[in-house]
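Structures for review follow.
The following pair of complexes shares a single chain, subunit A, combined with subunit B in the former and subunit C in the latter.
So, the complex of A and B:
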């Protein structure tokens, strides 16, 4: 870690359209930077690819599958256990394991498990809630939730160099380049 | 094709095809929607509307308090009519909720752009309708403080709920539906809460929206996972919404009561639910776009499309009525035939005719585009359908229960003051929640509207 500026989080470039941002992201990746992230007010198609995020970054579908299967299997076998072992009740001589009658509850719990895992899995993987982040120290960053598009090169990046990286951001048409500092 | 081609470029056709009026940028969309919550002063109209709704909500509280004091005897129910208003209203409210999920999940999967500006408040409507619906079975149990018996918890009595009963399926279906709808709504809100946090100037608003936004900063990595979670939730909510009213129809169709024991019930209930739900979305959308000048975002295209969905689902409902009628006669079962006679000539026949008038005959005017693009007609139509769908549930519950098999076990049902006050009270609760929602949260998804601005720029 070459950290001449210990409190420096990175450099933030501002763009006014998603197209310019994507273009810049591609060029910065070509220049060899890897620890970069974009901040946008709405999901931009193709941005993940431009930043080099592959499918492996997205564990949400797998978590959802686990949640759904877990919910469904628990729901089904719980009902089987209740009706066959814990509290067997003979109703008009019908079989104790009357599984078709267990399907509605099994289905509902599959959906419930899948949904809970999808939402809380997404939040956990995104490390949210996260009340503090150095980017929030930048006044202009407020517009990341409105009409501006930002690209941040983190100071952790092995290629990071304050002046050179700033020049690179300017050369890819960033309107403003701001230093992001983690002041406490 | 050729007949339509000459009209395609006419300004009128283009006006009707727009999902957002031209001239909007990311910033104007953000300003316009966020200002309703953040900067717009509370209007007298809002205060007046909220006061009325809140008063009615207090009527609900009073009615429930009296019910808990005296018991369900204050209602008009008595054997053989054990269900009455509580179940009629429950089914009606749950049905209304269905349109919200349909708009947010099914239209999302079908990539329908016109869902964007109506999904947020439609989802809010779902949540509030489910809240109103949930009250009824709870208080109908007579001992609402014992309601936890319906959940499978390890009790010292060593007993479990009866999982073969549709009433227990209902508990699972409705509670899952409420939870998933809330999750879906909240996930959709996160980016907008961040917008409100960043724009709020008042300290309390910054803190509250800041906590709710959970530090969302629009990172591309976050959006990536967010989008897959949203898509998966839509995929899960789609079968869920179809299952909920199906399960509710099982409450009826698994019983052997004439008029209930039919296989057409699940699809016919689901279509009816969507029908009434879209009617309620229109009932809310029309005053909302007027009061907050949202005509640019909730355009004629939205209203017309909703009218088309109502027409289509209304026809499915009509098909359901016809086959209910036909199968009863065709079965030759004398109790079923008798039920048809009761609907046509019995003591509650006026309700049945009113139902046919509201749900089948009047909505046929929606075949005409002139009617579908007339806001006043649509508003009246949405109210008529809401009433019609309530009558449908009344007819199903009351006519079948009052005259089932043995004449010695027949009865009559007359709703009392407390039946009405509880029902009207839930309308107050629903409207109060909507009023609060419009003032506290963005009624239209800002992030999705920006995306819409972006994609419509691409096409021009």
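So, the complex of A and C:
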């Protein structure tokens, strides 16, 4: 590890087109950096792949499956418990475990569990909501929601070195390189 | 690209030969069955007929759905779908033995029902369920389906010639809308005649849709298998991409859920109503040996394909997806077996004739399908969106 920069969040490179940003992202990954992120005003096709954000690390589908199965099983067995043990009632001579009648609620709770886990799982994995972020300290960063494309190499990347990383960003055609500091 | 480049690969020729061999072998055993045990044989024949009917009609339905929605998912399978609809002539020929020879074995429940007293059918049923009516309506259903098939195929062929004629595209769409309604309508009545009337005292309004959804599963499964078969040779090896499989896999997943939804809706309504005349259907199908078959249908037809197809990786996997598709076609046989056979016997086991009839009709159907595939380029060259649909932009 290089010299610690306790308040340093990372280095921000600014690009003026999505093509340049994609190109830079690929080269920076080739240089061995892993803790990188991009900020763009509109969705750029292929950017996730260029950043190396594979589906392998995406936990949302698994969380949705767990939520759906959990919701469905809860819904079904809750009704089984109510109808067979907690408050058994003979309804027109049907068996107490009247399972076809339990399916609509089971289905609804599967959908509910799956969607709740998907939405809140996604938020949690993205560490949202996040009222403050060090990038907000950079005045130019406001243009990420307008007309500029940014790439940030975070300081806790094992390969991060203030001067070398800045040089790398310049060599891949960043128009501006800014140090991002987490300060008040 | 020229039409020559998109002709059927050699694998279709191999399919043609093998299917014919299987079909003829099945036919030989079937004829033995027909002669020695006509009663048992026609029960098997009905299952096999409904299966191959589903392959052709499901393709007709998907073809019209494709013309209506204009999705890219179907451009790659449009020619195989059209080829499968042209096999409808053969399916019509397969229908003929039922009114000619099989009716007394299959539909004795209403042919020989008493006119009055206990077990008599209502006057309306007595006027509807007659031998003449059954035959006449059968011809009407096939006339509707064959007319739709001829119309859609003729316009599609025309499109290959007049590639700039955009009016054809609109006309295909124009006929596809009412066509879907006609197909579903005719299928509802056909399902009543050919299958529901096995138990003439029982009725269900969703019954036709069970068949429509099942036919969509059969046809989509077949299309997935064909797409993978084509993809083993050039030029299709470079055209067919994972995104195409993903789309077809998603539709197969959807149709399987739709079928399960229709099937369960029928059970839920009858279970809730609990009327003596309605529950007979499930009394003979959910208990004893047939109950075990019902559990198999639930687990093997719905749950296993459902959980397998839930995964994106499975839908994009060209080794696994066609296996699921073949599995689902086999499950269609099981479901049709479970729908029809309990009206005849409480013995929930298939006979030799079941296998023979399915292999005979299925083999001959596939042979004729392969013959049809060879007749035209395998991609719709006049389709305006073709270039977009086969463009290589894999992510």
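Quick note on the criterion: the second predicted complex is superposed on the first by the 178 of 184 C-alpha atoms of A that agree within 3 Å, B and C clash if a C-alpha of one lies under 4 Å from a C-alpha of the other, contacts with A are read in each partner's own complex, and residues count from 1 in each chain.
Please note the rule applied: a contact is a pair of C-beta atoms (placed from the backbone, for glycine too) under 8 Å apart; a residue touches a chain by one contact, two chains touch by 3 or more.
Source: prediction; values computed, not measured.
Colleague: Applying the document's definition of touch, where does A:126 land relative to subunit B and subunit C: first, second, both, or neither?
Modeller: A:126 sits against subunit B, while subunit C stays out of touch.
Colleague: Looking at A:46, would you say it contacts subunit B, subunit C, both, or neither? Reply first, second, both or neither.
Modeller: A:46: touches subunit C, not subunit B.
Colleague: Based on the superposed arrangement, let me know which partner A:92 touches: subunit B (first), subunit C (second), both, or neither?
Modeller: After superposition on chain A, A:92 lies in contact with subunit C alone.
Colleague: In the overlay, answer first, second, both or neither for which of subunit B and subunit C A:31 touches.
Modeller: A:31 contacts neither subunit B nor subunit C.
Colleague: Counting residues of subunit A in contact, which comes out ahead: subunit B or subunit C?
Modeller: Comparing subunit B with subunit C, the partner touching more subunit A residues is B.
Colleague: Based on the superposed arrangement, let me know which partner A:109 touches: subunit B (first), subunit C (second), both, or neither?
Modeller: Touch status of A:109: first partner only.
Colleague: With the two complexes superposed on chain A, say which partner A:61 touches: subunit B (first), subunit C (second), both, or neither.
Modeller: both
Colleague: Name the contact category of A:101: first (subunit B only), second (subunit C only), both, or neither.
Modeller: It touches subunit B and subunit C both.
Colleague: Both subunit B and subunit C contact which residues of subunit A?
Modeller: 61, 98, 101, 104
Colleague: Over in the complex, which subunit B residues touch subunit A? Could you list them?
Modeller: Contacts found on subunit B: 25-27, 30, 152, 158-160, 162-164, 166, 168-169, 172-173, 176, 179-180, 183-184, 186-187, 191, 194-195, 197-199, 210-211, 214-229, 232-233, 236-237, 239-240, 243, 247, 250, 447-448, 450-451, 454.
Colleague: For subunit A, which residues count as touching subunit B in their complex?
Modeller: Its residues touching subunit B are 18, 37-44, 47-48, 51, 53, 57-61, 64, 68, 78-79, 82-83, 86-87, 89, 91, 98, 101-102, 104-105, 107-109, 111-112, 114-116, 118-119, 121-123, 125-126, 128-133, 135-136, 141-147.
Colleague: Within their complex, state which residues of subunit A touch subunit C.
Modeller: These residues of subunit A touch subunit C: 45-46, 49, 55, 61, 65, 92-94, 98, 100-101, 103-104.
Colleague: Quick check: in the complex, which residue numbers of subunit C touch subunit A?
Modeller: The touching residues are 264, 267-268, 271-272, 274, 310, 312, 395.
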